[in-house]
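Shared chain: chain A. Partners: chain B in the first complex, chain C in the second.
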Partner chain A sequence: MSDLARETQGFQHQKPVKSASLWWMYVPALATVFIFMIFPFVKGAFITFTNWNGFSQTYQWVGVTQYKRLFTDPDTWLVVKNTLLYGIGSTFFQNMLGLLYALLLNQSLKMKALTRTIVYLPVIISPLIMGYIWYFIFSYDGGALNDVLGALGIGPVNALASPAANPWIIVMINTYQYAGIAMIVYLAGLQSIPKDYYEAAKMDGAGGLQPFFTITLPLLMPAVTINMVINIIGGLKLFDVIFALTAGGPGNSSQSMSTFMYDLYFKRQDAGYAAAQGVFMSVIILVISFSALVYFKRKETEMS
Partner chain B sequence: MKRLLALFLSFTCMILPGCSAEQSGAGEKQKTLTVYSTISSDSERAVFRKLADSFQKEHPDIQVNVHFPGNDYENMMRVRMAAGDMPDLFDTHGWAKIRYGEYTADLSGMSWTKRLDPNLNSMLKDAKGRIYAFPLNQAKDGLAYNRTMLEKYGIKPPETMDDFMKALRQIKEKSGGTVIPFWFAGYEKSSFAQYYDQFAAPLLITDPAHRYKKQLLNGTFRWTHFTYLSDKLKEMQKENLLNIDAVTAKRSQLIELMAQNKIAFTLQGGTLGQDVAQINPKVKVGIIPTPAVHKGDAPVWIGGERYTLAAFKDSPRLEEAKQFIAFMARPEHAKSIAEATSLPAGLVNVQTDIFYANDYKRYQHIKVQPYFDRLYLPNGMWDVMGTAGQELMADILTPAEISAKLGREYKRLRLQSDSRGAEKE
Partner chain C sequence: MKTARMRIFTLLAAVISCIHIVPFYILLTTSLKAKGDYSSKWSLPSAFSFQNFREAWERASLGQSFLNTIIITAVSAALLIFMGSLAAYPLARRNTKLNKIVFGLLISIMIIPPLTSMVPLYKMVADAGLINTHAAAILINTAAYMPLTVFLYSGFIRSSIPKELEEAARMDGAGLIRTFYTIVFPLLKPITATVCIISCVFIWNDYQFAIFFLQDQKVQTLTVAMAGFFGENANNLHLVAAAAIMAMLPMVVLFLALQKYFISGLSSGAVKG
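And then the complex of A and B:
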């Protein structure tokens, strides 16, 4: 009997594995998810009904007061507006930029690999460090921006002091940092499109942007979906860059929901309210990312 | 099956943090004391570590693990308090009663308590005589200033708010705009909180004709009285007496700018003087008490606890923790730690030779007022004041709107921490 046959025979002799014992395999994963995600979330939701200060052993039940505050606090809407800007604004710019880079670098260019690396490089820097780097570029005293402006004969500006401009500056930095990821995903998508399609289209007389809209974009839709959803989630929970660049300031003007929540919990000792903001934030992220997913999935099927 | 279970258990033990690494290890006989402190500069830390080492030599059965988590300290302690798992000894950095109170052991039986500086009574002691922490030093905060520059321009250190404004204007004029008269590190919100907190005492507490202690404590205080401070700050900003980047500058820039003779006044005590002298020995930094706001009133030091040691009430090594405190309270040790931090000691019989000794001597008749928010405001107002300062500077809110906002938050936070309100009254 050959080895293989013997092995096969041995295998047949084994009793079929009972499915119940296989279920134990789930336990580590389930326990991790339960201990680090579900339990804290439920506990957090429970804190929203208290006025806990975040460190004391005592607190009082306050019913839905924290939610009432949430919806009447003008800061909430400011922060929601910023968060949406960080989520949707960065997603838009990241994808536009990423797609353009991908289209450019998918062609046979000199220094293609080097350019791809340069575009991707910011991704590997920690977002916190990225925030500090840009702080030093924008800082009024000795900042790189003011050195350049000075050389051009323009007076120094205090770029990070404007409540209106700060959220946009943060969107810009976030875009700069993560456009590389979008580019890589699009490049992968582009390279999976067979060249024959373009040749056929050319023979059929397609010109200008026509091949892009009829071939490239429809076949790239799965990549668009992935990019959109990843970027939206990343943008909506943006924290590090804001923390390092403006600390949410001036006032609360560049605060996102996550930095606001952090301030409420750790600085203002308002854990109940911070938890309410947290619940609200997860609802917003869930609704937006889920609708984006559904929308783009539908687009995918429509276009293919 | 069993193997799987064992695998799972060992896995969960791996991912669960804090599997009692602190307690285990050193064997049965040796006990380990864990100390957490907010001490921030390297030179101060070195002195503290040296003292901990000599304590270990005296008590070979006790090992002392000292941790300085720096900026993470407060967040770390909040989480540990919530979990009811405090270190054996920790720093209360100004919050001995209000924040950390329910976790501290009563130290009132210890012999050093008889030597506790009465200036610290309101911070560390309560009406029943309970003592919350041992002070390693005490804060005496005012305005730090470039003495060399003021002498050069012939400006006397100001004692009233009007003098202070005049001095700022003169500096701007005489330096031809090259010097920042009053510098703020407003990227950190606490910078503005510090301004409001320091000047609130002369505005609302020290002058008998403008005293609002009662109203502040019973919740009837009208916050329009507070608008003065925002008005003044706005006035300084409009006249270019502050740094243009007052909302974005970081504290780390201070030492260098001061050493380059670019700053006249700032709100910072601590080791600024020595740090500047190390870079540029020609610049002498001095400190003055916070100027008086009302006519006829005197300037005032703002102070209270800075670095402390409190013992965790449920610590299994409470006795050893107290031994460590007793060791640190010996006059020679109290002296060395106070000198390392450039601040007066928290005990009365300890004479220290510190950087600002002359300044403190010159103003020794000046009273020390406790930090305003710690005594008169509900817990959590510090951050509210800091945010308000940034909003004022960035023209998001007017001075009157700031006061209205502070008033709203004051009411809400009072409701949240009513237990504390009762203790203060």
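And then the complex of A and C:
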């Protein structure tokens, strides 16, 4: 590479070669994406105006009936509420935990690498399998949690049968699984802050938590933006863990938009309605993700 | 003073590690206990038995699932690397209107959940006769992670590949593909490693696509096999735990061996497709 670079130095005074547009280089990639992502997505928008059941050859056009159903279906709002909880709730906890871990691991201590490895390990595990692992802990019969509660003299709880607890259990597992990513991004951010900033603050008499809010947090804002956006997108799309642990139940109490769509299509053969939920879900996720991106970008410039 | 602080921090780190390792510990003790052993999941087994692993391997037909998962993961990763790097080059180098539109399109696809296009996609794949084929899973995984791949490659090309290279190599039509793969591609090694790790982890662990397109036992991947096996053995979780450990072992071993690359790679591509 260096040879080539050196060789090209000589060309610089010459007239630059007119660059070819090269657009055909992205044709294979773009074609794949078009056929398997964009085209089905557009076609899905058409299906929302039909009553297609997902397998028969015939269907009728029903206009906006599916969307009317969607807005009057109480399940829709339950599912939206859960999805927001998975998106925003997990994002909040992942970031709090990730930031605290990063602040700790940025100090001088032993076992730094080991702790980092252990916290990060769940990131590479299939979320489906992660759901099963937590089933061993939360299950009523012989679950690890009930053993602990029993030792404390508290009766066994059937956590997975509780419609109120289930969405929070899923938030907790998602937080556990992906807090490692937030930790790593924050740790990289912390390590890029020059040490003398803190020394200068100390000379100015700043004490306690003050340096954190005046130096650390403002300089960490780009990392905050990345983490927030990544975690919101991931949380809003949540599927595998829910599928493994509660299958959206009991009832629809822990259903996310992704698992709800799966149920509608495969279990209830309601493809037209499933597609309408899909379009609705994309709109919500796009709006929230972009708003979060814009909001945190603005905060970044405000604080710097 | 200094050492006291260090001790407290080390203690804190130890507590955090212990809490985070709990699920893995429970998984391990469960997998090592014999059927009908109802002792607490916290206690170690009185006698270590690897019988569960042998039985789970056979009954969940994990051998076949491993093979399927390896084929699908490897081919998809190769396609992502070859097509994604090729596509990223003009997008990173040519600031035309068309390229901006294409790039914006790819970014917005990264945000949309793949499940939203699943209903028509399933019908399309079924009409093409590709349900229960490796090809379907490979093509769909490739398409799903292509935007992220192009995004990572173009970022790298913008920041660390000198523009002059192109003039020297005369990327102007004839023999361009060869020029690209022999001159530019080798320089992309660091980001290729990242893309490779990300796509391997995501596709190895994929369940959202696999559950739709790979129901047949002959083609099913590890996650689909695991889901079925869990359903059949809800009253013998020891077997499920053993199967889970085997299914995740390759990624765990790779992670521990190449930790540095995994952490930087996965974190840069954390916008999961």
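As a convention for this text, the second predicted complex is superposed on the first by the 283 of 304 C-alpha atoms of A that agree within 3 Å, B and C clash if a C-alpha of one lies under 4 Å from a C-alpha of the other, contacts with A are read in each partner's own complex, and residues count from 1 in each chain.
Basically, a contact is a pair of C-beta atoms (placed from the backbone, for glycine too) under 8 Å apart; a residue touches a chain by one contact, two chains touch by 3 or more.
Predicted model only: the values in this text are computed from it and were never measured.
Looking at the superposition, the partner that touches the larger set of chain A residues, chain B or chain C, turns out to be C. Touch criterion met: A:G54 reaches chain B and chain C at once.
Using the contact criterion defined above for the overlaid structures, shared-chain residue A:P28 touches chain B and also reaches chain C.
Look at A:L160: by the touch rule set out above, it reaches chain B but stays clear of chain C.
Of the two partner chains placed by the overlay, neither chain B nor chain C lies in contact with A:E199. In the superposition on chain A, A:D73 contacts neither chain B nor chain C. In the superposition on chain A, contact is made by A:Q269 with chain B only, not with chain C.
Of the two partner chains placed by superposition, only chain C is touched by A:Y120; chain B is not. Residues 21, 25, 28, 32, 35, 54, 135, 139 of chain A lie in contact with chain B in one complex and with chain C in the other.
Chain A makes touch with chain C in their complex at residues 1, 4-5, 7-9, 11-12, 16-17, 19-23, 25-26, 28-30, 32-33, 35-41, 43-44, 47, 54, 101, 104-105, 107-112, 114-130, 132-137, 139, 142-144, 147-148, 176, 181, 184-185, 188, 229-230, 233-234, 236-237, 239-240, 243-244, 257-258, 261-262, 265, 271, 274-275, 278-279, 281-282, 285-286, 289-290. Touching chain B in their complex are the following residues of chain A: 21, 24-25, 27-28, 31-32, 35, 51, 53-58, 135, 138-141, 156, 158, 160-163, 246-247, 249-253, 263, 266-270. Within the complex, the chain C residues that touch chain A are 5-6, 9-10, 12-14, 16-17, 20-24, 26-27, 30, 38, 40-42, 79, 83-84, 86-91, 93-94, 96, 98-99, 102, 105-106, 108-124, 139-140, 142-144, 146-147, 150, 162, 164-173, 176, 180, 183, 187, 201, 204-205, 207-208, 222-223, 226-227, 230, 237, 240-241, 244, 247-248, 251-252, 255-256, 259, 262-263, 266-267, 270-272. Interface residues of chain B, counted against chain A in their complex, comprise 1, 4-5, 8, 11-12, 15-16, 74-75, 77-79, 81-82, 84, 99, 102, 186-189, 243-245, 247-250, 253, 257, 379-380, 382-384, 387-388, 390-391, 393-394, 396-397, 415-417, 419.
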